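In what comes next, subunit A is part of two complexes: it sits with subunit B in the first one and with subunit C in the second one.
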Partner chain A sequence: MNDALDVVLRLVAVLVVFLVFPLLVGQTEHKVMAHMQGRLGPMYAGGFHGWAQLVADGVKFAQKEDIVPADADRRVFQLAPAVALLPYLLVLIAIPVGPRGFVGETVDAGLIFVLAVMGIGVLGSLMAGWASANKFSLLGGLRTAAQLMAYELPMLLAAASVAMAAGTLSLPGIVAGYHWWWTLWQLVGGLVFFTAGLAELQRPPFDMPVADSEIIFGAYTEYTGLRFALFLLAEYAGIVVLCALTTVLFLGGWHGPWSGSAGWVWTLLKTAVLAFVVIWLRVSYPRLREDQLQKLAWTVLIPLALAQIALTGVVKVVTS
Partner chain B sequence: MNVAAAHPGFLSPTGVEITFVLVGLATLGAAVLTVTTRQLVHAALWLVVALGGLAVEYLLLTAEFIAWVQVLIYVGSVVVLLLFGLMLTKAPIGRSPDADSENRPVALAVAVVAAAALVWVVVDAFRTTWINLHGAVQGSSRATGESLFRHWVLPFEALSVLLLAALVGAIVLSRRETAEPAQTAEPAQTTGSAGAARPGGGTGTGPTRAAGAAGKERD
Partner chain C sequence: MAPSVGIPGSGLAKGLAVTLRTMTRRSVTAQYPDAQPDLPPRSRGVIALFEENCTVCMLCARECPDWCIYIDSHKETAPPAAPGGRERSRNVLDRFAIDFSLCLYCGICIEVCPFDALFWSPEFEYAETDILDLTHERDKLREWMWTVPPPPALDPAAEEPKELAAARKAAEKAAREAGPGPGPAAAGPDSPGGAGA
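Our next item is the complex of A and B:
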């Protein structure tokens, strides 16, 4: 009975994190973008610096009519937001926050689990793009698929390099095996992982599939109301997951001064800094063209990831 | 997961066994829908359900590593390639009557024969083998890795070479197509993968490329 209660509490905690953190990232994005562009951002909702802006947005989305286009494939169209969002909830369960079992659920092959489930989320965009019966949506879906195929590989290779270094696939195991010089050793892999992850989330500068000024938000053109909000939430949940994963794999997770008592603070802090970088990139980098996207993945990231694996292997053999 | 058979037997099924059968039936249903639905993209989506069901079956047999790799390669890559190919060829919403090759009886016969052969082989080979779900996990990544690289190294390496050959073949094929009209290198990559995903052409090269990546990753 105690075990069951423990599991339920952990899952509820993960659910709360899943519902709260993406909104925090969203609000931070509002404010950071605004200040980087020399304006204030939302200031009125809720009083103090517009803290309730996203709550107001949520109310607005909930009030909107849920429209399904006449020619759309109804069931696939309605199912797509759930397919896009739920994988990130599942992934959060396996991400360790602090030492001594501060994790939703320890998964033996956690690294593979996380990457596999993250890949499913993209199916949601594909379903949305196809089922909308809209040329722009179909184009967006196509670009999404091409982008996933191109960037999944460097991401996997970079993650494999960390798994080789730690000698385990379990995420808590990888953090437990971390030493400070790993960040330098795995630096290239970390950059490749983060970049490929950004591309998989379709965040700027890799937002060709949703390019709002060209193909009107791609796969999400026809969505309104809550379903559109779910896609947005999936994007921000994806940012949280990607930053937390990069922290766990390459930045040593809970390691830092006083990590015994305040390890979880370090994980959250590193994740927050990475989330800030994600927002920063959105404000400061222009969108990559489709052929540049593909070229970057196939001719830069994959060779770099392979070189990182070779380096990891050499160091591993020399030091063991 | 923790309730397992103390005394193996078909007449006293445990929770895991019942779940296994139920998931198996759902997977079978999804697989049948995959080949019988008249909407192309729906077939690909039902394939996702079928492959996901298989992953759950692996999980129930405690083969965790295989289960996640199944999701990663098949659901995450192969189906995305399939959908990409379908979208490139403008898969219509609704029925696609021209996609019927009218070979239903032959296909059914081949499927039944193949299924019968597979079931017979598996039943004959593993009739008396029982997985002890109580003891140490037998499908963990450590166990899988040890058996793969201690007992099955030669087949593993042979498979790697085979996949490498397929990879090189795919590159050669895609180069020949685009060598004449233009000299752009990077669209060749994308059209290559698109060509591989097209149902008629080389469906084999798509999965092998993804699998080749996985093989590399495990090297």
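Our next item is the complex of A and C:
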């Protein structure tokens, strides 16, 4: 009974985080982006500096008609937003927040689980692109596919480097084995992982699959109302997951002063800083071209990730 | 021009620095309905009518490029000033309206008015939900008259305004004509108005 209650509580906590944190990131994006552009951003919704803007957006989305195009593949079209969103919820379960089992559920091969499930999220965009019966959607879906192919590899290689360094695939195990100099040692891998993650989330400057000035909104062109909101939510949930994963793998998770009592604060703090960087990059850089995107992946990120693996291997052999 | 060669990625870092610097500065947004904008002098908000000065000469209505000024008037006669003289007639304004849905804010009416009856007012908050309501009659135009700011001061080295120059000349002339009589009353040409007409 106690075990069941424990599991339920953990899952509820994960669900709450899953529903709240993406909104926090979204609101932060509204405000940070505005101030980086010399604007104020939302100021009215909720009264104080527009804190309820996303709530208002949610209400608006819920009021809109849910349209399925006549020629669309109905079932696939309707299922796509869930496929895009739910994997991030599953990933969140396995991410350790603090020491001594402060995690939704300890998974032995957590790293493999996390990376595999994160890849599924992109399938939602593919399904949406294929099922919409719209050429722009199809183009967006194809771009998503190409991007997934290109960026999954450097991401896996960079993660593999960390797994080699820690000698385990368990996420809490990796954090437990962390030493401060790992961040320098795995710096290149961390950068590759973060960049590839951004590309997989289709965040600017890697947002060609939804490039609104070229192909309207890519795979999401035909979506309205709540289903569209779910895709947007998936993007922000993806940011949370990516930043948390980068924190866990490369920045030492809960390690920091007083990590014994306030370890989870460190994890959240590092995640928040990374989320800020994600927003910052979006504001600062223009969108890459499709071929530049592929070139960056295959000629820069993959060689860098391979070099990182070699470095990790050499250091590992020398120190052991 | 050859691209300047620097440290790889320095351009990326510069881009990040620009956005971060902007974030730490005050934003330029003016929250309009809460904070009134700081309008420059001579702002063209709306056209105000000072109807005491209007003689119904119709110049403004005729010069208006899209004929958005509507004027109605009638003549009234006044008894002669001296017995046996001619009756005086004058124009009385019945209607003066400007259709601001047509007005293109060129200001020609204000320029051509020979009697200074039309003025620019900086007032701009007169949006309506019905386009017909944008035709404003003389009472509304008169209300706006009280929002007309005094003309901005002249530049330090500017030429003397014509009105002042004319007034000064007239005063000097009057002083000279009065001069030969009482004598000392004409103090000098440099003290306009000193003589008193």
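We take it that the second predicted complex is superposed on the first by the 320 of 320 C-alpha atoms of A that agree within 3 Å, B and C clash if a C-alpha of one lies under 4 Å from a C-alpha of the other, contacts with A are read in each partner's own complex, and residues count from 1 in each chain.
Convention: contacts are C-beta pairs under 8 Å (C-beta built on N, C-alpha and C of every residue); 3 or more make two chains touch, one makes a residue touch a chain.
None of the values given here were measured: they were computed from a predicted structure.
K.L.:
Report for A:40: first if it touches subunit B alone, second if subunit C alone, otherwise both or neither.
P.N.:
second
K.L.:
So which one touches more of the residues on subunit A, subunit B or subunit C?
P.N.:
Of subunit B and subunit C, B contacts more residues of subunit A.
K.L.:
Can you list the residues on subunit A that touch subunit C in the complex?
P.N.:
32, 34-40, 43, 280-281, 283-285
K.L.:
Which subunit C residues qualify as touching subunit A in the complex?
P.N.:
12, 15-16, 18-20, 22-23, 25, 27-29, 31
K.L.:
Within the complex, which stretch of subunit B touches subunit A?
P.N.:
Subunit B reaches subunit A through residues 39, 41-42, 45, 48, 64-65, 68-69, 71-72, 75-77, 79-81, 83-84, 86-88, 90-91, 93-94, 137, 140-141, 186-187, 189-190, 193, 213-214, 216-218.
K.L.:
In their shared complex, at which residues does subunit A touch subunit B?
P.N.:
Against subunit B, subunit A makes touches at 71-73, 76, 107-109, 112-113, 115-117, 119-120, 122-123, 126-127, 129-131, 133, 138, 141-142, 145-146, 148-149, 152-153, 156-157, 160, 169, 291, 294-295, 298-299.
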